[in-house]
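You will see chain A twice below: alongside chain B first, and alongside chain C after that.
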Partner chain A sequence: MTAASQPIAKSAAVTRMQAAFEHHTGSSMPVRQQAFALFSHNGFPGTRDEQWKYTNLRRLEAREFGTGQPGTPYQPEILKTADALQMVFVDGHYRSELSNVPVIAGLQITTLSELQQSDQTRLSEILAIPGNHRCRFVALNTALTEDGVLIEAGPGTKLDCPLVLDFFWSDAQWSLMAHPRIVIRAGEHSKLTVIERFTGSGTTVHFNNGVTTAQLAEGAHLEHCRIQNENSSSFHIGLLYAELAEQATLLDHQINFGAALARMDIHVLLNGRDSRATLNGLQFATGTQHHDTHLQVEHCVPHTQSNEDYRGIADQRGRIVFNGKVHVHEKAIKTDAQQSSRNLLLSSTAEIDTKPELEIYNDDVKCAHGATVGQLDANALFYLRSRGLDESQARALLTHAFANHIIAQLPVAELREQLTDAGHVRFGAQLESAP
Partner chain B sequence: MSTTPQDLEQLVGQKYRHGFVTDIESDTLPPGLDENVIRHISRIKNEPEFLLQWRLKAYRHWLTMQAPDWAHLKIAPIDYQAISYYSAPKARADAPKSLDEVDPKLLETYDKLGIPLHERARLAGVAVDAVFDSVSVATTFKDRLAKAGVVFCSFSDAVQHHPQLIEKYLGSVVPHGDNYFAALNSAVFTDGSFVYIPKGVRCPMELSTYFRINAANTGQFERTLIIADEGSTVSYLEGCTAPMRDENQLHAAVVELVALKDANIKYSTVQNWYPGDENGLGGIYNFVTKRGECRGANSKISWTQVETGSAITWKYPSCILTGDNSVGEFYSVALTNHYQQADTGTKMIHIGRNTRSTIVSKGISAGHGQNSYRGLVKILSGAEGARNHTQCDSLLMGDRCGAHTFPYVEVKNATASVEHEASTSKISDDQLFYCRSRGISQEDAVSMIVNGFCKAVFKELPMEFAVEAQNLLSVSLEGAVG
Partner chain C sequence: MLSIKDLHVNVGDKQILKGITLEVRAGEVHAVMGPNGSGKSTLSQVLAGREGYEIISGSITFNGHDLLALSPEQRAREGVFLAMQYPVEIPGVNNVYLLKAGLNAIRKHRGLAELDAFEFLSLIKEKMKLMQMDESFLNRGVNEGFSGGEKKRNEILQMAVLEPMLALLDETDSGLDIDALRIVANGVNSLRSKERAIIMVTHYQRLLDYITPDYVHVLAGGQIIKSGDKTLALELEQRGYDWLTQPGFQKQSLSGARDA
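Then we have the complex of A and B:
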């Protein structure tokens, strides 16, 4: 931060972003200008920044990304989910013709591109950087977001079916970037499920920088999933920022399978009494993949509860980074915070870096965390071998069992099945052929 | 327990009113730091050329460095030019001439801690030549050590008599530019302790006992080097449970341990420097770099620390486990009361095969105290079969204190297994109520529960210190609950 006062020579990457910003339709909006100024002042974070200690963005900075055009022809394979609301985004732009959004009482869905045309005041309001977030990618997203969605559930609205947001890349041969912004406003005692899916194909290097903000009013319940399955050369950066009022509950699932480099920041503020956050995550890095998740849970008031369960698997030359931070504020008595980070290291060229942090400023709390890094249980492997499974089948079965603990908690059956199948492929299993 | 916490703070506090040394005597350098000061120190101590060059290298490197700000600490800026970097250890004119002149409350504290009579005089800062008993006892110990071939002397003596050992091992574990405070220490250290245990020797006594009665004022930049040659064993205790008389605010010590093949070093610390008053004014800054290297196969280094003093503690006793099958251990109790801050923990770097490490850290926070555990467990790719278990518990007393945990785990070997667990709790009302119903006073009950909480660490301390450490916790926590 000491360097902040001096002007820094802008890196080529920042200059390229500057060009993209100047061509952006919304570049005259003050909120975007301020955000971009913030980003260009600080630039991309380096590994000397404690938050980015293990994640080097050199490869991301070195690359040039274009901006996707609305209406690029593309026919995505959409998850067949019974009675789900579906919104499809291609190259960062909403595609109404591919989507299915029936009118539901109490639920209002507006895309950001609509707001950009019709109501910039409202857009500025929802684009404001949440909680003065320091993450530079949030500023970049705010400046450059082309599209996204504002989801407002009125008081008492109970949505039975999930809302699936599907993000695809077209078959473009050049690298693209997208900065989708999802804003969720869950009214009092409302209940909804939002699933974000990022699906990649081909080998073109894309860069997704998404921000999701959620405000949960009193008694609201939000179940949120993020399934990241970009192609293995892409960059994927994202933030989930949630504020919970009294008795609100957040249930979040993060599944990281794809991308060359993926970084998720999850920042949850428990602002109301009896609010509760459950945060589950699974990261699986193989090849040369790098998956980094940073969690920050703030217990700001008395009687709040958080539960984190994160699992990581690193194979081949993959690398898993986990940083979970629980911050209990001075007045937040009767806090109950549990944190667990379990990791499987399957290869000696892979690496796992985990850091479960606690910051506690009062004595009337129940906080615990645990972290493990280990291998598959030799006894369990031996047992499976004795039942006739070969080494690789046995390993795949056990790895899958480890991962399934998180997958099994996902809300939609089709999603669980799809991920289980994807898991089979990824864990190198040919279980079907097993005796 | 008749002493209130205020009384205790008073009695500890009054000896520190001098602050930085101001009266410049003939053998004290004026405040300030430059290359001439370093040359001067080196000349006074009649050091060989290599040591002077090493100091200068460290100083030049230090100039390029910035004071670290990553710790979870609030540190007021330190003016390094306001410190006098050399002051010959000599009896101060205003030191008390005998125990009769020492504050009776201080003696009362010694009594509570169970400090042997003959040691009280030295601890109270009574002029050294008045303490006849200790000198004779020390001589007896010296004979026994010499017979075993153990070299145990001040660092300056070692420079004169064993320069080849110093040249070979100094800076081999903590290099001159390791970190800001270590670089400063390397440039200006004035004295410290040196231990060499020859091959196959088991040191005939705990060096603790000897140290307690013999350590002269080694100044604020202390340098300790312990070398355990193949197959040797040594146990060393630094510091002591009694409140120490000390005028220096900044303490930046460096401790280096080298364990060769099959050697075993046990290093215990009890630190009870002046923590500042109950409003957080004054107090010692204890910025220490401690590191040991298990250089040979099957070697072992064990750190045990009880940290109750100092306004700010910044120390991470670490083990580099280079040798195959080597073992590193870290047992720590850190207590912060009033406005004390501690950022302490350990680093275990696993390099060799089948290396094992254990970390047990107990943090206790009371008042406005802020206590952080910061640890690193790093398993490099060659460390086949490495094992680590970390347990890190915090006990909070009061709603204004803080307990924080920053454990870094970095694993690059798929046969390694690492476990970290941490919990945070307070003294439960049920436990207190039970003790009270059995007729135990509130303060005794708290002290009993806290001692139970720390038991896993205390059992690692040499016996007589374990007893004193328990008493020390009780004294330090008086008035913290209830």
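Then we have the complex of A and C:
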């Protein structure tokens, strides 16, 4: 018997998840049972796993998390977004009375809690673990998800307004976990924008483990954003998994501002000729925050394009991890893959680990990657100070300018403003807005 | 207003300024000329508070303050302004934002009320008209993608808005076309007053045709080797610097120039 096949002694953390699973309304569904078995067999990943080398989950494992109840009387302060469809989730449960989902031709929106009640066959189908994903958090999400949404845009449906998914925690004094599952099916030549926004408050330690899967049919265009602004005690884990057919385009923005520990995995499969993925991201870690993003882009067929533009800022004792892997399959000739990871190290106690990786199995490609870790430009700092600005204000402005390169590309004005405001607070100075 | 006494400055092990003494009173305009690499920009940067220069000896007092003890922003708030030889591009920091933040920091320091967005906008529009700059420059990043001449014009726009007591212009005329030179000179002259002083570094007489200096100094090898009035600049235009750096030439003190 080899060591790998020996049953691993279950950790207390896995046993606690087991209890949560047994109480789950869907625990009799085979898809969830298989997923839970997979999770409980492997447990939480440790730092010996190459993918988790820099991200230690000990603190997450040490904690006990309860599950939120539907209908907790809690009214979050919702940032209304003009002309947006808005779906509000509290402690992982959809709250229709706080949401605004008008009927739109060609767009079908179904919550997972609804499917759990009415159509478990359908639910099982959409919960299937995407692409045999080995990530254990996906298995945990599949087993434990209570709610989420299935978004289906029919062929040719073009949405003018974004769909905002707002996630809040109630003011519970005990730690909660939520495993939201978002499933996006973008039909042929459809066009839509989906924004996931996670807003924390207070100091209670929560655990969000979200999974978003997106299937883009021929010519579909999806713009997706994830704005992570959890409170700085919480844990936030997430996966975006996307498959693109011919001529489909994905434009993704990941913003990591909050949480004590945040880990995002972005896994994109370019499965169709002329499909294109643009992946932007900004991570900002200060205090003792730890932000980790792992990207994996697979060019599976000829004539596909990917463009990654990630920026990281680490201040105080913050820690940024970026791993961007581009995998060009043997037959994927004429691949165009560009990757850039630019980072600002603002203090001597902060740390940034960035690693672009290219795995190319044919010669006929155009690939480039670059990674930099630097400090604020001394010339620019002097220039601003010589015009009367405090050193702290000058530093904040330059940091913000660096971040704004990513923020400015977000699709909705309110979102950009919200992040600019949040950014100003985080960048260490209260800056008045420009006239 | 400004009193520089026997200033010695090094960068690393290299001596760059080797004993500069200069007196500037309110209302005066001084031109500083001299060969490339003689230390003119170093002097301007040291006055504005740029880090990286080692002050070996000497002193600088500005309106009674020990200037060397002040941070760059404190100097700016006390009224020192440097129009840089090579203005920095700062993408992502809005031009108008910088101006407003700078002006309000300076006003606050002087005990004046900060300007609100409306008051600021009308002020800036007036100054842009003076500099004949298009308003579209306002919302661009600081100097981002500006042409060489546009950058210089932007420096003078900032000066016009911040209204310094002591303006240091480091080759603001270099790279300007004939019309722009006139506009920039106009901007500088509009600031000229009994209370203010201007030190301008230049290589060319043509700037001095527009802004008449009270004194002209020649800085060479880290020292002021000659001072005179505006006729010195004309002489330099004719003869270059060689005759001044010949052995046997007597270094002339500034007071000597004044006595003359």
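Here is the rule we go by: the second predicted complex is superposed on the first by the 428 of 435 C-alpha atoms of A that agree within 3 Å, B and C clash if a C-alpha of one lies under 4 Å from a C-alpha of the other, contacts with A are read in each partner's own complex, and residues count from 1 in each chain.
By our rule, a residue touches a chain if its C-beta (ideal position, glycine included) is under 8 Å from a C-beta of that chain, and two chains touch if they have at least 3 such contacts.
For clarity, every value in this text was computed on a predicted model and none was experimentally measured.
With chain A as the common reference, chain B sits beside chain C without any clash.
Put simply, if you stand at the Cα centre of chain A and look at the Cα centres of chain B and chain C, the angle between them is 80 degrees to the nearest 10. Once chain A of one complex is fitted onto chain A of the other, the partner contacts of A:Ile333 are limited to chain B, with no touch recorded for chain C. Contacts of A:Gln51 after superposition: neither chain B nor chain C is touched. When the two structures are aligned on the shared chain, A:Thr288 is found in touch with neither chain B nor chain C.
Look at A:Pro356: by the touch rule set out above, it reaches chain B but stays clear of chain C.
With both structures placed on the common chain, the touch criterion links A:Asn231 to neither chain B nor chain C.
Of the two partner chains, chain B is the only one that A:Lys366 touches; chain C does not reach it. Contact comparison for chain A: of chain B and chain C, B touches the greater number of residues. Residue contacts after overlaying the shared chain place A:Gln18 against neither chain B nor chain C.
By the touch criterion defined above, A:Gly374 lies against chain B but remains apart from chain C after alignment on the C-alpha atoms of chain A. The superposed arrangement places chain B and chain C with a least CA-CA distance of 14 Å. The contact sets of chain A with chain B and with chain C never meet. Listing the residues of chain B that touch chain A in their complex gives 70, 72, 365, 379, 381, 394, 396-426.
Taken in their complex, chain C has these residues touching chain A: 48-52, 71-73, 75-77, 81-82, 84, 87-88, 90-94, 96-103, 105-106, 109, 117, 120-121, 141-142, 158, 162. Of all the residues in chain A, the ones that touch chain B in their complex are 50, 330, 333, 343, 345-375.
Of all the residues in chain A, the ones that touch chain C in their complex are 377-380, 382-391, 393-394, 397-398, 400-402, 404-405, 431-432, 434-435.
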